[in-house]
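Labels run A, B and C following the written order; every chain starts at residue 1.
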Amino acid sequence: MAFKSKLLLVAFLLSVLFLSVYAASATQDPELKQCRHQCEHQQGFDSKQREQCEQRCDKYIKQKREEEKHRRKSEGGGSFYPISEIGRAQEEEEEFQGRQQQDQNPYFFEDEHFETRVQTEEGRFQLLQKFTERSALLRAIENYRIGFLVTKPHAFVAPSHFDADTVLFVFQGRPAVTIVRGEKRETHNLERGDLFRIPAGTPVYMVNRDENEKLFIVNFMKPVSVPGEYEAFYAAGGENPESFFKAFSPQVLQAALKTEMNKLERLFGQQRQGSITRASKEQIKKLSQQHGQGGSEGFWPFHGGQSSSDAFNLFSKHPSQANKFGRLFEADFNDLKQLQELNLLVSFANITQGAMVGPFFNSRATKISFVLDGEGYFEMACPHVSSTGRQEQQPQPQQRQKSSPRYQKISGNLRPGVVFVAPAGHPMTAIASRNSNLQIICFEVNAHDNIRVPLAGKKNVVSQFDKEAKELAFNVPAREVDRIFNNQDDEFFFEGPNEQPEHGRAYA
Amino acid sequence: MAFKSKLLLVAFLLSVLFLSVYAASATQDPELKQCRHQCEHQQGFDSKQREQCEQRCDKYIKQKREEEKHRRKSEGGGSFYPISEIGRAQEEEEEFQGRQQQDQNPYFFEDEHFETRVQTEEGRFQLLQKFTERSALLRAIENYRIGFLVTKPHAFVAPSHFDADTVLFVFQGRPAVTIVRGEKRETHNLERGDLFRIPAGTPVYMVNRDENEKLFIVNFMKPVSVPGEYEAFYAAGGENPESFFKAFSPQVLQAALKTEMNKLERLFGQQRQGSITRASKEQIKKLSQQHGQGGSEGFWPFHGGQSSSDAFNLFSKHPSQANKFGRLFEADFNDLKQLQELNLLVSFANITQGAMVGPFFNSRATKISFVLDGEGYFEMACPHVSSTGRQEQQPQPQQRQKSSPRYQKISGNLRPGVVFVAPAGHPMTAIASRNSNLQIICFEVNAHDNIRVPLAGKKNVVSQFDKEAKELAFNVPAREVDRIFNNQDDEFFFEGPNEQPEHGRAYA
Amino acid sequence: MAFKSKLLLVAFLLSVLFLSVYAASATQDPELKQCRHQCEHQQGFDSKQREQCEQRCDKYIKQKREEEKHRRKSEGGGSFYPISEIGRAQEEEEEFQGRQQQDQNPYFFEDEHFETRVQTEEGRFQLLQKFTERSALLRAIENYRIGFLVTKPHAFVAPSHFDADTVLFVFQGRPAVTIVRGEKRETHNLERGDLFRIPAGTPVYMVNRDENEKLFIVNFMKPVSVPGEYEAFYAAGGENPESFFKAFSPQVLQAALKTEMNKLERLFGQQRQGSITRASKEQIKKLSQQHGQGGSEGFWPFHGGQSSSDAFNLFSKHPSQANKFGRLFEADFNDLKQLQELNLLVSFANITQGAMVGPFFNSRATKISFVLDGEGYFEMACPHVSSTGRQEQQPQPQQRQKSSPRYQKISGNLRPGVVFVAPAGHPMTAIASRNSNLQIICFEVNAHDNIRVPLAGKKNVVSQFDKEAKELAFNVPAREVDRIFNNQDDEFFFEGPNEQPEHGRAYA
């Protein structure tokens, strides 16, 4: 009796202790402290893992703050934060919602999934999080990054080199891009629609020649140093951006540059406005004078590159698909041979308002789409994400006993700045709203030998099946299959649905 | 005194509490709940890791059930389950056995390591678990999968595409395989011994033309979407297999196919028998009519493929090794150029009853062997798996102090359906039982520039050493080395041992 | 009241229990036991992870012993042990120091980061730990290993094959290297400066022909079996080195070699001196007779290799950089075409005493440097390692808000046996002490299309910028930039600083 009561007592006390831990983890510094303490004392962790564990602690604290900031903005987007739920044990409901959304759609990215790498008065550079930070289902594109640069008219972007191969797409503005290779300097005056590739480690700077229009550039990057990580290195600069020269010891710098320290301190101390500043009309005029492009042989891969082949304008080419519902412009290995190295195909889709593209799938390529203008939504069929709303990287025996997987609808609302991913083999479609054309730039990774397989309209794959295959597969007379799959006589771009679907599955 | 008693009391109560946790983890749902709760509140986990943690919880529950099912079948194979031991804290002994077997031989796979992806009245498709689920020592083949398809005579396999490049080997039956690329349909009537490659994302369906013989096909797959994961996408179908069309919103489908919902619901609702069904004699006759193969140029890689080069029969070629003890048939890049893309060599070994193959090793290739017929056993020397029966991915300083690693014998009994792996450089041998020939299909990954190095028989490598090297290496007169290594005058296939060894090391 | 006291009591008791855990983890076997117990019962671990967890436990115990050994040697290097801190919870200070050093410089490796794979009277082979054991920032070179072989004059290294492609650099001694491919044996008499490539799985043995000079060879390896893991397989040998033949069952061996067991036991039992032994003058003379090299066509990649192209002497080529401050010898794909397969460039830098090399960076290659002779120090600017001394694989929002990353100085003292790594894009420099020339062998991974970008001296990249870019980037008149960057009129190698810097940042 006394014993039993004491047992209850202890049980109660233990739960008190338990709760107090979470109480602690609600306040900030203690939480971080506890998190790192746990990393510290986790048995069987090697130093690398502990290090990473601690980084996650810091990251979580940071992102929680970020998230709270977002909440204050009452965008409600906070629950999208991949990390945001940790420690919010008390908000079970909200957390569950959060994961629901996040897990059901690891293929969809919005503003809050971008981090600001550079921000000044004159412009900013935003970088999308690593794809695999979101979900292991994106391992196929783990080592690619995507971001965008926005600047005011007449902005100058300071010289730097990146540890990544980069492909630029100019959507707005008229940048003069200068790259330096060996003893040669090349300036390329780019226009809307231009694709331009900057090899890893190439010093580059640019200026927006346009006096009125802002500059908007989308960056596709493949890191060469730490897979999936991306860093910029500023040779010039001072306090802000900091020049990497400042990391070296004074003695070393003095010897290397044969210059006394006081001169160096002055040189590396004046720049304080950041890496995106404003250039004068006169400076822009000078910076836009093209030069050095003749000698670019042997600079690009396959050592015969003409400067004419350093850039390619997507809109200069006849669209590969075009009807009143939309147009598709594509650049392949022949158009810009630098794409071959990256095994990349770039395409620009302009979907007429109220129209749609697809459904179709890519046979081998994984398609990363960045919405540039307009609104709409996309849908994709996915076998990896089950109807429970949780991913199955590991197949589930029970479910597999069935004669086929079920397919989950992946969907999301599209607006400028949204990124969505369609892995190889996954059927997808995108629909433009009735109010505006939907303009999307697409980067298709693993493009070699890729084939786009249409699922509706002329050339749809189902119509290709043998009569008998149709009957056996659908278990209806073949003519019924044909009657349906031959109705749509347009190709690739179609008239869209009358009203936007409530987001449910096609069939209850 | 009172204090001490209270201390003992609390200690006792704590252990009670402790045990109760495991008590809980014996019953099912509570265990899952606790497991996921732990993932939830693990500090320093980012959402992806938590997600995966939770998946492991689910997986564990599922596999525990599976395992219990197996136990009921009293196959005793349960202890092979890679995951099966978790939470069986109480069964220390059994668990230890389990790991012993599993760890000492991560190169050996049996029935219970396959999952059933498709199962109907007419047939089934089984897929081997990811190699790295078993052991990190198989990272070299992490992104490859192997499986097999078995159907009754006259079975039809519904149209689908996969997110993986696939190579089929027909061991039994006479399949008519139809693939659709762009606007072209090709039908290939395959026979026993045929290799056939299906590029990722290619819609394919097949029928077993044979009225009496079942169909048995081995599938080698290289995923292109999520590395190491494999999914099938059914365009046709209805309830079962489900068509991926059903994942799209009704409004979207109606617009894409220009058809009212009721018609679509009918079309996608009739098929309920699953993805492997029975075809009529008439249907088979039609489905077997070859067509479209002439125009296959530009369809296969290297854009000059003749349909004649789409398939290759292993047995059509002169065996690369043949004597009364066995025969080896090999297909290389020249025989089926699609193999070059996959950097793959395929071989078929038929070891005469009572005979053996090897010992030998591959210089660069990792060899995945699937036993098709007969019985026997294999042995392999492995430096990664120590005599303690645990793997050392991390070398062990102490042990390394020795002048060389010790080699562990890896062995296993071979019977149809068993898969075993020999990594590059690992000496291996396989022995056929006295009752039946042993037939094995082998997929050698990373085959480019691979060389097979014989360790016995004519051309054995030891005989090639300089006289002085033999003396210094064996510390005996060279003639003694020669006397032994020149005894065996056969090549590759040899007369086997008189009796099967008890499974111990060669030397105590 | 009574309640409150009991609460305090229990709280106290719990902390006692808590501490007792760490008390336990101070003593050895209990610690291991607990560590493994924790792995055992970690929910949501699959068997592979548990396995690895347990391996880490063992590894930790082993390395702790190692470390204590080192401590006794009072080299103080113990704190460099990547794993050494675990469980040293009580020594918070020391541990913190440990991580400080380790984290701030994951690019720097010393003696204690090598393990001894082979050690005999006559010589030893040391292998550097996996780069990623040290830091995830080295993922780009995860699958490469580096090591070195040292032997006495007239030492013989027993026949073995490795599961890795290997490139040898002969720094000292005159090895006769014999490789066996198929039925052909080739002997290559190498000299100081020779590069020689041994394909994975090729049986090889060597002897140091020199009677007086020791042999010193640096090995660069790319594993083909388990990524990043490296194993040697001894065909010949007996007790020590153990022959892998001994892993097979007696019955199997007898059948394969057609020889009775007693003979085999004798053959595989005589060698006990280890894999590096002493050869007689006579044996060396025989082993040095070159043969078989004519017929090497089709043996090397690109199937046209002449034996002349199997080895290349770095010093036979005109230095690519040379002045009174140093000389650089480089071997590229044209010099030794086997390097192309490995996408590798090898260079040898001889920096005059008191002089320096760089600063410069590689556009795509990651450079692994091994110090062969002399002393000095290196410095590198790194954006990944923040000033807090902890790595950021995950970018930090707050910090990123700034207009640029800050760069951390990475530095270390160079002496023979030290390895340091410069990832692509990272500016670096190396300085020779005033007492001796600094000799370094460098392996540049991912060398295809790599460009070395000079940051000082003639051709420095900053001087290439447009006048306007200089003004905008530095915010000073362009002539001031030029005045500084044109001071240094030497190239690549420069006169070094007068005194070695205290290890701080260039600017407070």
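Methods note: a residue touches a chain if its C-beta (ideal position, glycine included) is under 8 Å from a C-beta of that chain, and two chains touch if they have at least 3 such contacts.
According to UniProt, the chain labels map to these proteins: A, B, C = Cupin type-1 domain-containing protein.
Predicted model only: the values in this text are computed from it and were never measured.
Put simply, chain A has to spin 120° for its C-alpha atoms to lie on chain B, with the angle rounded to a multiple of 5.
Of all residue numbers used where chain A meets chain C, under half belong to both copies. The two sides are thus made of different residues.
Between chain A and chain C, the centres computed from C-alpha atoms are 34 Å apart.
For chain A, residues touching at least two other chains, in rising order: 10, 54, 56, 59, 133.
For chain C in complex with chain B, the touching residues are 9-10, 13, 16-17, 40-41, 43-48, 50-52, 54-56, 58-59, 62-63, 66, 115-120, 127, 133, 156, 158-159, 161-163, 178, 180-185, 187, 199-203, 205, 224-227, 229, 231-238, 240-242, 244-259, 263-268, 270-277, 279, 283, 286-287, 301. Interface residues of chain A facing chain B in the complex, by the touch rule stated above, are 6-7, 10-11, 14, 25, 34-36, 38-39, 53-54, 56-57, 59-60, 81-87, 89, 99, 102-103, 132-137, 139-140, 356, 358-359, 361-364, 366, 379-384, 390-398, 400-409, 411, 423-427, 429, 431, 446, 449-451, 453, 455-457, 459, 461-462, 464-476, 480-481, 484-485, 487-488, 494-501, 503-507.
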